[in-house]
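Multiple structures follow.
You will see two complexes here that share chain A, one where it goes with chain B and one where it goes with chain C.
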Partner chain A sequence: MTQLALVIDLNVCVGCHACVTSCKEWNTSGPAGFMTDENPYSKDPTGTFFNRVQTYEIGEFPATETLHFPKSCLHCEDPPCVPVCPTGASYKRKEDGIVLVDYDKCIGCRYCSWACPYGAREIDEKQQVMKKCTLCVDRIYDTSLPDTERKPACVLACPTSARLFGDVHDSESDISIKIREEGGYQLMPEWGTKPANHYLPRRKTRLHIHEDELVRADNPLKKEQRGPSKPVDAPTLDDSTSW
Partner chain B sequence: MNPAFSVIFLTTLIGVGQGMFLALFTGQSYSAVELLPSEDSTGFYGTGALIALAFLVLGLIASVFHLGRPERAWRAAAMWRTSWLSREVIVLPALMFLVFVYAVMHLFGWDTVLFTTKSGARLQLTLIVGTLGMLATFGLFIATGMIYACLKFLQEWNSPLTVINYILLGTASGFLLATAFANTNAPELMRFYGIWAIIITVAGFITRSASLIRNARLKAKSTIQTALGIRHNKIRQKAMGFMGGSVNTRDFSHHMTATFLKSIKWIFLLLVFVLPVAFLWEGIETANTAILLTAFIIQYIGLLGERWFFFAQANHPQNLYYQTV
Partner chain C sequence: MKKKITYTEIEGRSLGYYALLVVLGALVLLGAGAALYMEHNGHYVTGMSNQIVWGMPHVFAVFLIVAASGALNVASISSVFAKTAYKPMAPLSALLAISLLLGGLVILVLDLGHPDRLIVAMTFYNFKSIFAWNMILYNGFFVIVGVYLWFMLDRTMANYSKYAGFAAFFWRLTLTTGTGSIFGFIVARQGFDSAIMAPMFVVMSFAYGLAIFLLVLMATYSWRGAELGDGTVRRLKNLLGVFIAGAMYFVVVFHLTNLYMTKHHGVEAFTLRDGGIYTQLFWYGEILVGGVLPLILLYLPVTGKSRIAISFASILVILGGLAQMYVTIVGGQAYPLEMFPGKEIIASSFFDAGVKSYTPTLAEALLGIGGFAMALIMIPLALRILRFIPVSMADAEIDPHYREAK
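What follows is the complex of A and B.
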């Protein structure tokens, strides 16, 4: 079985919104029709997006950190949005696990958006059908594109490679290895939706220096109950010979 | 959630229709075993069923306003295996059809007695249609309630109390209407319906209060920490990613103050339970149709408030991602 998914590396996302604009550009010009924007240049603009980048502040000033958090449909393995759909417009593809909406069947009842805990579905106010991330299903299988471009538009746009694309069911895929080795996790695990998309945590490399590492603990003079011959901050034998 | 008026009207109107039909059918079953005097088919059961049907039709019309693409509504019957909404879409027209047949059979007197037991109980053809109608009525109540109760992360709704309240509140308003109707068309049944309307309203008061108490003590399972997967007690949203609104900011919150929400709660408790029972009591004692109808109208207005509150109180976990512009 295949389950295509995105892995989003929060460690490198800089919150530039390139994925948002690239997603909108690709999908609004796609075969499924435009994604409505209303009042784009006037008061109260509103529109349909598949992908949003949000910003959070962790901690309290001055000890704060900024988190940029891209969020789109997570293509859950047990998607609560699918069984509730009365028309069958929402479905999960067997072959690759992508959750899609058939815009020709959807009646715009919004029930699926109530059933998604992540707020990943947005109704198109003009066309009155439900829309959400398709993982660029119209692009990743397009054989007229070179191999390297058969990826979702957001992945290609990301300047820091914070978005990775692959099959989470293949344990040897790049993203499976990343998830396994770099602590990839799922959002709101409490609902058992099993999101296919994973997030890699923010990771820091810290240097731990203990005090006894600053002072030579193995000074042989100690054995003879004598203190070091020189003050600690003066150059030691090592300092003068190691060149 | 943001209460949609189409859904508020849909659920309250069909509730009245279902309750009214249950009242008629109960009356007829009681009279079949001679616990109640039997009534005139045309004037009471037939006309009464037409009134019930009218409420169901009004509810159906209201529901159309909820759909973005009502012209495709027929497709909604497809997924009855998994979707409670689909089941509702199937049962509602089925019930309307049965109520219609029930009304027609009474109005035109197509009501052969199939057999009579030794004790004198009569099994009429309309009773069979009525039984099917009763099953459909309960099916519809359950489907409507389950649409909300099955969404597990809407914790305020995810409880059997949701379904029970839909059943009791709908039935109460239907019996109340039946009381007023009986007062003009079958006066000897008025007291029977009136007492039942009081009993069901009181039962509804108990279960609705139980769900209010339950909801007041709920602890949200999802937090900003689980939503983002970051372990820190202090996390604040600084930007939701856009400055204008979106469906996520419009559909999932009631946009009213906490005081408003609270006052609606007390208002609906008064209008759905306290006042109607008082009016009913007075109406039964004086056998006054105007008072009984007033009781019904007050309760219906109260139910609109109750339904508004039902939606407004549900807190969707997606709101964790949409806190600040």
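What follows is the complex of A and C.
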């Protein structure tokens, strides 16, 4: 069975919000619209976003670092939002594992929002139905687009390629290899929801340079049988001649 | 010898009667206007957000639904536990149960994003959803209590009223279990996620329902100028005290259990100490106003005999109940989801970092109050049409064990 998902590399996410804006742009214009914003530029702005970037601070001051954490629906393999929906408007597709909401069946009771432990449910305040990330289901199967563009809008927009898209059930897919080899993990696995989206952890690359390495023991000038140049502070020709 | 109890309608021609209808009717209209305003403009004109998705209307709605099943208790005591002294009050108790449930459901439905799709909710059932089960339980309650009421009021069917009473009792327990489970089954929120929610709601329903019943009963007899025996009032107020204590017991056990579990320390600290308005509502509203003060008023010898004090205690139970619903429903959502235990979001461009804020708007409060008024306005209307209440509730008339004081 196919399970489409995103893998988000927290090591390279710079928190630029390109995924947020591209998601909003694509989905507002598509069947998932309107994703209403009210008072976007004034007091008390509210809005519907399928993808949000939140910022955490790790460690105690002054040894702190900032982590940008993009969060959208994780398309759980056992999604808690589906069984709670009274009308069955919330459902998980068998063919590709995407969790979707049937906007025509949703009565707007918002109970799914309570059930999602990740806070990924969004209410469209104007249409009064629950919405969520669709993994750009209207885009990834669109044969009028070139192959390379049949990916979620956020994946295409990410400037650092922190967002990858593919089938987590295919062990040879790019994202499965990433998850396997680079320590990909699920959010709150203890809930048993088996989120399909994975995160790649922050990875530190430290360079240790020994003092010896700063002095060149094998000066290439030796090979050319030329003596090393004089020390910088030694007198030059200009110092010893008067013309 | 068993005395025959005569039931009656109320006359309903006095100025006071019409004034009551006008006041309650105005509140209902205000509530309807508020619902229309929110429906027309959308969710954003309410104080609710993407984080606090259930607000003030749900506080009223859940309170009324819980109180509805509790209001049926008096009838259950007579039919299930065969206490004759409660029998004369049984029709009023069943009527109040129906009206409170209707009031609560009106609020709940009008606060749905799409009340127009109620037919979808009725035709597409997801049987795994406790919410869907609740719809069946609510509808079933109307049918079963309606039949029970019919059997009680129709003399030819009176023999069957006991069985209908049993069914209604079973159904009301199931209904409140279902309502409590709406919260108990939510494992994603630290404030709920507990099997004790269901029995706690059952006991809370006993207290809320009886408090409203006592007020309605005393008001009806006082305004009619008919006698309501001290024995009946004493019996009911003592029962109310027991129910309040029972509800408080469950609250204590719920919080003690959470305090024992390290992973729930955060949410407990939030409710009991650091939660601002939620902490204040918990201690001052739920515990003091809804529990300690009414218990003192009901059991202190000086106030325990005063009907004014008993009425006041009942009002306090209702206010405390609303506070309890607010702490449970809104407080439970305001506490942030613990995505990374021990870590909190320090910044977010979406205003969803940290503890969520919620300020109820006037429209939300009006919808809630309108629903409450709707539940209440049905009582004087129904009492005028059908014979729900005994002519006299004097102890000598209704209590088989009554002895004249020497």
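Basically, the second predicted complex is superposed on the first by the 205 of 243 C-alpha atoms of A that agree within 3 Å, B and C clash if a C-alpha of one lies under 4 Å from a C-alpha of the other, contacts with A are read in each partner's own complex, and residues count from 1 in each chain.
Methods note: a contact is a pair of C-beta atoms (placed from the backbone, for glycine too) under 8 Å apart; a residue touches a chain by one contact, two chains touch by 3 or more.
In this text the structure is predicted, and so the values were computed from the model without any measurement.
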{"item": "Which superposed partner A:Thr36 touches (first chain B, second chain C, both, neither)", "value": "second"}
{"item": "First (chain B), second (chain C), both or neither touched by A:Arg110", "value": "both"}
{"item": "Chain B versus chain C as contact partner of A:Pro159, first or second or both or neither", "value": "neither"}
{"item": "Partner chain(s) touched by A:Tyr185 [first = chain B, second = chain C, both, neither]", "value": "first"}
{"item": "First (chain B), second (chain C), both or neither touched by A:Pro83", "value": "both"}
{"item": "Contacts of A:Gly119 with chain B and chain C, given as first, second, both or neither", "value": "both"}
{"item": "Doubly contacted chain A residues - partners chain C and chain B", "value": "17, 20, 45-49, 52-58, 71, 80, 83-89, 105-111, 113-119, 122-123, 125, 127-129, 187-188, 191"}
{"item": "Complex interface listing, chain A residues touching chain C", "value": "17, 20, 36, 38, 45-49, 52-58, 71, 80, 83-89, 105-111, 113-119, 121-123, 125-130, 187-188, 191"}
{"item": "Contact footprint of chain B on chain A as seen in their complex", "value": "17, 20, 39, 44-49, 52-60, 66-67, 69, 71, 80, 82-89, 105-111, 113-119, 122-123, 125, 127-129, 185-191, 199, 201-202"}
{"item": "List of chain C residues in touch with chain A within their complex", "value": "42-44, 49-51, 53-54, 112-115, 117-118, 120-121, 124-126, 128-132, 135, 182, 185-189, 333, 337, 339-340, 343-353"}
{"item": "Residues on chain B engaged by chain A in the complex (per definition of touch)", "value": "1, 66-70, 72-73, 75-79, 82-86, 89, 147, 150-154, 221-222, 224, 226-230, 232, 234-248, 251-252, 316-319, 321-322"}
